[in-house]
């Protein structure tokens, strides 16, 4: 268990300390149930009452409160909370070298000590960096390079020919480097086009449960550093996704499309193939993108529009079917 | 093999017996191919001819037919069929205690006899109730509690910290308690917010293949008793889904949204985060929900409307592009 | 490694040879980096410059080029490329009989030599044809028949009662014959209807990562020969999909719907249950289908229309919210 003073926590998050900095904190808790060795947090005004009567040793908030607890004041509570929560609940990391007896590891695999390989994992002729945790039932193909401090949850699969950076997280059932969906037509039928490219997941990429990133046709499919892809997403062959982009669940990007940096897609967005989406594009849930989006901005809908405009369209469409009844009432 | 008289089947489903109740039935069959030890069923009038000439020992229907078979008459054929089918094809259940030699079971796991643990399953420091069947390649994390008579199909994954009731069914590749998609922004990048809550699946919940239910941020994500979630659905962190709700494939519910009881969602519905959907809300396929739905009813579309109204909108939209040509013809 | 003359490659693809046919080729490469034992290809005019200066031994293209390489001229470069790529990168196939020591194979399983069964695979009382490769962590249920030369990638799952033809490919996490989503209503609750039908995947079907095909209620769910289903698709119980049909990622077909032959669906298409879609129907991304489509053609949208018409509707809808501002400018 991690234990740390309130003063050290204030330092960690660059916050201003109010009250006793020497108190020792061992974890997070709800302000209403917390004991003196816990830190709670106040995100909005409706928790002020809890702060006033809490037994917690410390409170994290954006403004000074009336509370018996020591206080850490920050401008961004969410960010400070994330950092403190990571301190007490760090991402899993291999600290001693362990390969479960039931794991099947290719003799030519290069495992940089320490790594932790779980039960029934199957490790091909690949390289895995120190600190990486490979959980139960994970399968990693040949000719794959995996960085340090990665975490692969149970039953994730990495086909051969993938390159993963440091601190990549794959959730359960995620699939990396499955064949791209490429066929050539012969008469009325389809001939499979071998998919020879791999996948590159740069540092700090996280893929959600059952998300699939297909291998490229010749070159790699690529996801930029620190991008986060939620559950049940699909990144098709030859896509290039920029750094710091996030996609919520169910987003599907068709083949050879490029997505910029710092984009934010809500759930179930679909983007056609061979398009270019610029940096800092935000897309609303269920948006269908059939053409390039060169400029940053907030877009939505089908037809794709600026969000503000699409919301106006939705109101107009509602009006189209509501008006008749209003008219009838007027008669 | 189960064998049972027609009279006992009529009792089971609360039906009225017509003809010989002593015939012994051992299973279901199509009326056209059934032998005298089988029961067939008639759901609609186009099967009446089959009933007249069937060799089946019994027929289940909602109205008396001209048939040589014994008859069981019920008001709801579908429900009676389900009960009879369950009798002959019960959900798998552990009847003797068996742990496959290749399974890896934490010595601290508490398994209430009888449970059946399949090949290559990995069982953490958890509790599993009697009757539960854990099939091949399933992974169950630490600090998880699983009820009685559950069935986990191959390669389903339950992360640590989940609580599952009795008779929960997880289909292949379903994922329970994967990390919620939570990040705090730092400059232009994203910092992972550790997801500390678990998941609660109440009694009789069923999750389809490759469906993911994320763990909560602090408290649990919860799915109410008897709710059924089809394949490839996503229930985000902190959602609370009421009892007796069904969602067809591809539904995605964003974070912290609550859904009421007895809702019915068709496929590919998307619901934004932090919304409240009431009881008995029915949503059509592909509906995008961006605001609360407090009242029961049947809704559809994007913009979301009452179904009747949205279908009217669809007709109007069709008219918008069909009319010009009609006009041209008129000229 | 495969080595073959340019003349033999020209024969393979039915192309016209220009230049030296005796050169030996061992693989594919990008024209800009290829050595003399490689073949490159030119799909469009912007690669003509690369052809002029390439060191490649051969070039595949649709028109005679200025190049030092031997040339193979074909009418369909994509198709010829696919065939040449398959020669150098064939689909995996078992050439010697091997069952990994950690695999669990039912003694009653009938494995036609040679098959390759990977680590931690679990094989029920089934039949598997020669040439089939079953990779790590795959689970195959009882009473299943699998043809020759199939490839099942890691952690794919086939429930019992399925019938797969020859050369079927299942990508990682694909699920075949999971229970259909069938419940009968009892009061306000739901009773599971046992799903007794199986699944038939005919010859040369390919299922993407995390795609699920549910078993039928009484008869089988069926996917026709040579049909290709991308990642994260859902084919519900009792569907019948025709031959040579392709569906991109995220398509979801509800129960008992039939889809014809040679259809092409873009991503995230949703089709309601109990519908009939004819042959050679093409559907745009995100299309929601609520009624039968009897005639071949290209359709799109919600409301569903002919593509040309729907694109016109999209323009009109854009106009509805753009015009007012234009008007304001005009004032």
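Note that the chains are named A, B and C in the order they appear, and that numbering of residues resets to 1 at the start of each chain.
Criterion: contacts are C-beta pairs under 8 Å (C-beta built on N, C-alpha and C of every residue); 3 or more make two chains touch, one makes a residue touch a chain.
Since we're looking at a predicted model, the values are computed, not measured.
The pairing of chain B with chain C is characterised as different-residue: of all residue numbers used at this interface, under half are used by both copies.
A rotation of 120° superposes the C-alpha trace of chain A on that of chain C, rounded to the nearest 5. One simple way to say how far apart two chains are is to compare their mean CA positions; for chain B and chain C this gives 27 Å. For chain A, the set of residues that touch two or more other chains comprises 102, 120, 137, 155, 173, 210, 232, 250, 268, 286, 302, 317.
If you check the complex, the residues on chain A that touch chain B are 28, 30, 76, 78-79, 81-83, 85-86, 88-91, 100, 102, 118-120, 135-137, 153-155, 169, 171-173, 206, 208-210, 226, 228, 230-232, 244, 246, 248-250, 261-262, 266-268, 284-286, 301-302, 314-315, 317-318, 320-322.
Contact residues of chain A toward chain C in the complex are 102, 104, 120, 122, 137, 139, 155, 157, 159, 173, 175, 178-179, 181, 183-186, 188-194, 196, 210, 212, 214, 218, 232, 234, 236, 250, 252, 254, 268, 270, 272, 286, 288, 290, 302-303, 305, 309-310, 312-313, 316-317.
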